[in-house]
Structure formats: structure tokens, C-alpha cells
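Have a look at the structure below, then the notes.
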Amino acid sequence: MATIKLLNDSELTPEAQEIFDDIRTTRQTDYINNFWRMLANDPSTLKRTWFSLKEIMGPSGALDPKIKEMIYIAVSSAHNCPYCIHSHTASARDKGMTEMEYHELIAIIGMAAETNRLATAFGVPIDERYKL
Amino acid sequence: MATIKLLNDSELTPEAQEIFDDIRTTRQTDYINNFWRMLANDPSTLKRTWFSLKEIMGPSGALDPKIKEMIYIAVSSAHNCPYCIHSHTASARDKGMTEMEYHELIAIIGMAAETNRLATAFGVPIDERYKL
Amino acid sequence: MATIKLLNDSELTPEAQEIFDDIRTTRQTDYINNFWRMLANDPSTLKRTWFSLKEIMGPSGALDPKIKEMIYIAVSSAHNCPYCIHSHTASARDKGMTEMEYHELIAIIGMAAETNRLATAFGVPIDERYKL
Amino acid sequence: MATIKLLNDSELTPEAQEIFDDIRTTRQTDYINNFWRMLANDPSTLKRTWFSLKEIMGPSGALDPKIKEMIYIAVSSAHNCPYCIHSHTASARDKGMTEMEYHELIAIIGMAAETNRLATAFGVPIDERYKL
Amino acid sequence: MATIKLLNDSELTPEAQEIFDDIRTTRQTDYINNFWRMLANDPSTLKRTWFSLKEIMGPSGALDPKIKEMIYIAVSSAHNCPYCIHSHTASARDKGMTEMEYHELIAIIGMAAETNRLATAFGVPIDERYKL
Amino acid sequence: MATIKLLNDSELTPEAQEIFDDIRTTRQTDYINNFWRMLANDPSTLKRTWFSLKEIMGPSGALDPKIKEMIYIAVSSAHNCPYCIHSHTASARDKGMTEMEYHELIAIIGMAAETNRLATAFGVPIDERYKL
């Protein structure tokens, strides 16, 4: 698979190199995963995506970073993105997700999928009390 | 909308009535929302769905019920189920989700949607280290 | 809603008029539903879509037309198309779908949605025996 | 791929072992496919999922088990779950689906996908007669 | 519908007000559509989303802004977002999309949906020549 | 993967052979990609799909064939069809898509995915001015 090349470090533009440096510093690891190596083909998307992700998924805010990763897994599973599922499951575990939490997450994903389709198939009208 | 009737309390089979009783007891409210009033047309699906939901979304387990509802919103948004989004957003707020948490949740849903489609469009290969 | 006008009979091009005539003859009813009245804005898509639908959903073939409509409901529920769900649920009932069959269909749709997302979230590898 | 281990028979908890025994008895085969070997990591989801599937997809009810499998393929195709498509296509063939029936099923899946998106893109309003 | 309030101009934070000013200047209209009035509840998401959209959908770049809007309609139709379909169809027409171009766009959306599901249902393996 | 055999030229029915001949003539290449080799198992779907695709994606019409392919990539990415993404990305490049155009396309796909889910999660009501 792949519709574009994975870039190695020697193939980066200076702008992409700067982003890779920031990823390495932020994550405190030398490893850059394939997602960023592909986005590096388009430095402006690389930059925009990285800074958005860093802002949204970072340690500041009301939600625990581990919980944020679990929400990411939920969306990625519903959207059917194997790459995203694998990378964010790894991140969630790195940030402390236990196997029990993981199993509860997966059970909710499955349950929500089921009731989503039941509600849709029946065309259930939204209760007045749920509307703002 | 709706492909089947919403049943009121006087139209229930005894089996459906039992489930409605359990929903009322479990949730400590007399209100039964439209989703269950539609499922009541098929008591066996009503029963199976309610007991699964009660087990998965209940207070026992490793994850906070509020977090569980937030994961439900994430899946329902990715699956595009307005009924489910509205009912679970109401539930999450009932269980204590703050507006700041809500906004972080929505931001993650949007961000994940974006990177899901970027990874898919490029066909990014899964890094070896993410595979078990 | 609607991004384009519903055309009434007096607004049709001759090519669209011919297709409407064929829909009326084939279905043995004067009623033309909104889907075709919108497609009539683009006669070539109207024509192509109608002849494909007529060929695929017609009475010839190995599958019962009622079963074909039920499969259509399944796909439309998974794709989240309220228009399609409502129109094909009406068609399936017209073609003899019983309420018991309908409830089994809905239960399968919900169950499949659940296991689809469980398999995806875990990245279950396909068994060798399922591959051709 | 895979975010969790496939368990072999010697790694099961007693509760998971019981479910595997029931799968073998019900299906009259010793073979347990990968889906269940992954779910076995979480015996409560394994149990709940298996009993729901057994109830919904079993031989009792109004719909032929072969037709049930074909509906499962339809949902799984629309949800884009390669694992589910492959396993349920195998099941449908085991239960007697002919190649002609299979081709009609696939044609309906494709056709429904097309009209689903046409109706959505145009925002076709639901005809009054389709509403309950 | 709606899970949160649409904010009118008097309810904005100063940060949100600044973004609304930039939207008005950029688009040369006083009208602010509902999407931004909802996002205004969370100024940081409002800001990030607006600047990303402005960069990606603006007049600079290789693709014509009209074509960009048409691609947006395509994605929004496949994702089933009626709000997005309606707002971007209006934008595409504002930017010069003709009805003939619109009909070709819709036909492609429908056709792609069909072949997407056919390829998925059959599990068509990717040709070697399509892989980088 | 694959739920059905890829047919080589010696295994075709005469009707399928005719379609393959037309594909070769139309595309001016001897190469037939896997999608058609699978559809060849069902000559009537092969024929219908090929003639629809030829009509919709061909050089006549208001939109440039390159732009048509880019719209196809957008839908296929949102529907998550790796086969379709790879084959239409190859086609778009064959028809002259530059890498800069490609990157803008991918950025729009990602951006649309994000705002689609934001609008859905908030249940943003459609502005009156966007309704016909």
C-alpha cells in the first residue's frame, strides 16, 4: 500500500525538518512514525496537522491524555482506519490504559455501533427534552 | 420520520413492560425515551439491547460512567446518528461532563476524523512497532 | 432540506418524461416518489439509475424481490440514508415483508454493526480458510 | 495487524473455555475462527457477543439462515469490515448461497450505495406517504 | 436539533469576536452561518478551524476554489453531513459551479459509492502497479 | 483477501470478453486491472458497471477528466476503499494531476472530514438561506 513515498530524514525540506524536530522534542523519542513521514511530502499539511494534534492531544486541558487517546481509538474504529487504530492503541497503552479499560472501551464501541444502527434503521425521532 | 410506531405504556407486551420497569428502576426516573419505545415493538431485541447496555454502561468497571458516555458520543458522531448524539450528550451532561470537557471531546472527534482520512487517503502502512 | 428543486410533471424534459412513464408502467402506480423527481433535473442520471434499479431489483433473478428490498434496507441503514431507509422499508412491506421478518432484519443490522466494529477495533486477521 | 493476542485453547479462562465449547457444539466443528480467539481476551464481551449472535443468526425465526448471512454481508460491506465480509461470505456459502444469489446480493449492495449517496447529496425530502 | 446554543454577536468572547471579524472581512459579507455560531462556544476550536479552512479553501493554490468546494461536497456526501452538503453546495454555486458541473459531480459521487462497495465486498486485491 | 476468483482472459464468457475488449480499446492499453477481473464473474454487473463508468468518467462533459478522478479519490477516501484510492490515484496522475494538486486534494479531504464531524456532533441546524 501507499500512494506516496515515506520520506526518510535526508529527504526532508527544512520546514518539514523543523516539524520533525518538534515531534521528537515533544514526544521525547527519536522515533517518527509513518504517518508523519508521509505527510512530510506536503510540509504545510504536516505543519498544520502536527500543531493541531499537539494542541488537542497534549497534557493541558480537562481530559486526561489517556482518555483522549481512548476517544481517538473510538472514532478511528468507527471510521475504520487500521493505521489510526494501531497507532493510537499503542499511544493509549503508553499513557497508562490498562487492559481492563481497553476492554471496556472496545465493548462501548461495539454497543454504540449497534444502537446507532438500530436508531437509524427505525428513524427514531429525537425526544423534545434532548433538544436545546 | 420513523418506520414503526412509538409504543406508549398501554401498548406493551408483558415482556416489554418488564424491561420498561427495569429501565425506570435502574435510571431512577419515570421517563422512557423514544429509542426504547420503538424497540418495544420487538421485545426480544428490546430485552437483549437493554441488558447489554446496562452491563456495559453501568457504574461498575474501570471507566467512569461519564467517560463511557463521552466515548459513546464519539462513536455516534463518527457513525452520524443524530438521535444517539443527542441522547448521549444529554446523558453525559447528567453524569457530570463539563462544557470544557465537552469541547475537548468535540475537538478530538474532529481531529481524529481528519487524520483518519489523511492516513486512509495516503494508504499509510502500519509501523512494525504497532503490530502485536 | 434539498439542494435542488423537486420537478413536477409539467417541468420535465421529454427524456425525463419517458422515464417517468416507464416507472409508472413498471410499478403500476401513478405515484412518482421524490427521489425520481429530484433526479429528473439530470435526465441522463435519471435514466441510468432507473434502468439499473429496474434490472437489479426486478422480479427476475434468484432472490425474492422482498429479500432484495430487505438487503437494500440493510445497506441504507449502515450508510445512514433516512430517505432510502423510509422508501425501501415501505417497498419491502408492499412486497410482503412481515413485522417478524422486519424485526429479524433490524436485529441483524444491529448485530453486524457491533461485530464489524469489534473486528475492526481489534484488527482481527482474516483466517486463512476464508481466503480464496 | 492486531492490537491484542489471538488466544489458543491453552490460554483461555474457564469462562472463555465454556463459550468455546458452546461454539463448537452449536456449529458442529472443532474450528474456532480468529474473531472469537481475540474476543477471548475479554470473557464477558465474548460471552455476550456469542449469545447475541447465536440467538439472532440461529435457525429459528422467520428468515432463512442463508438470507441472514447475506444481510450480514451487506452491512459488513457498507461498514467496510474485510474480516466480517470474508467470514460471513464463507458462512453464507456453507449455508447454501449459490453464486447467482451471491452476484445479485453484490449488485444490490453496489446499487444501494449509489442511490444512498445520490439521495444524500441532493437532500431528498422524505415523501409524506413513507412516514408513519 | 443542536446540542449547544447558537451564539449571537452579543454573546461572543473577545477571541471569538475577532474570528467573526476575520470571517466577515475574508468573505466580504456580514452573514455568519450557523456552523461558526456553534463553534463560537469554544473559541480555540473556532480559531483553529477557521484558520485551517481559510488556508485550505482560499484562492491561492493549484486548484480553483470552485473545484475545492466540489471536492468538499463529495466528501460531505460520502460522510453524510446534511449541514455540510447544503452549505458547500451554496458556496460552490457562489463560486461559479454550473448546474451541468453539479450534475456531473453528483453522478461521480454515486458511481464512486457503487464501485467502492463492489471492490470492498469482493475484497479486490490491489494491483502491484498501483503500489508505490 | 478476495471472496471470489480473479479471472484471466481464458476464463471469460463471451459477454465478459466483449467488455474486456471495450475496456482495452477505450483505455488504449492491454492491461485490465483486478477490479474488472473480479466483476467478470458476473457479466451483467461487469457490463452495467463498465458502461456507467465509461459514460460518467469519460472525456465528454463539463468537468476535466483529471478533476473527475480527484473527486473519485475524495469519495473513495471518505468511504475507506483502499483499492479504489490506489487505482484512482494512479488514474488521476495518468491524467495529469500534479503533486501540488494532489496535496491540496488530500488537505481538503482531511478538512472536510473534520468539519463534517464537528457539524454532526453539534447537530448544527441548516441555515434557512441554504435551503431551496
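Every chain is named by a letter (A, B, C, D, E and F) in the order it is written, and numbering of its residues begins at 1.
Keep in mind that, in the parts below, a residue touches a chain if its C-beta (ideal position, glycine included) is under 8 Å from a C-beta of that chain, and two chains touch if they have at least 3 such contacts.
Keep in mind it's a predicted model, so treat the numbers as computed, not measured.
Q: Give the label of the chain whose average Cα location is farthest from that of subunit D.
A: E
Q: So which chain is the furthest away from subunit A, centre to centre on CA atoms?
A: Of all the other chains, the one whose centre lies farthest from subunit A is C.
Q: For subunit B versus subunit C, what separation do you get between their C-alpha means, in angstrom?
A: Whole-Å distance between the two chain centres: 27.
Q: Can you give the whole-Å distance between the Cα centres of subunit E and subunit F?
A: Centre-to-centre distance between subunit E and subunit F: 21 Å.
Q: Listing for subunit C: what residues touch at least two other chains?
A: 1-4, 44-45, 49, 52, 75, 77-82, 85-86, 89, 106-107, 109-111, 113-118, 120-123, 126, 131
Q: Chains as vertices, touching pairs as edges: which of line, ring, star, complete or other describes this one?
A: Shape = complete; every chain linked to every other.
Q: Subunit E touches which residues of subunit F in the complex?
A: Answer in residue numbers: 1-4, 6, 31, 33-35, 38-39, 45, 49, 52-53, 56-57, 61-63, 67-68, 70-72, 74-79, 81-84, 86-87, 89-90, 98, 100-101, 104-105, 107-109, 111-127, 129-131.
Q: Quick one: which bits of subunit F touch subunit A in the complex? Just the residue numbers, please.
A: Contacts found on subunit F: 80, 82, 85-86, 89, 99, 102-103, 106-107, 110, 117.
Q: Could you pull out which subunit E residues touch subunit B in their complex?
A: 1, 3-4, 41-42, 44-45, 49, 75, 79-81
Q: Quick check: in the complex, which residue numbers of subunit F touch subunit C?
A: Subunit F residues touching subunit C: 1-5, 44, 48, 52, 55, 126, 131-132.
Q: With touch defined as at the start, can you tell me which subunit E residues reach subunit D in the complex?
A: Touching subunit D: residues 73, 77-78, 80, 82, 85-86, 106, 109-111, 113-118, 120-123 of subunit E.
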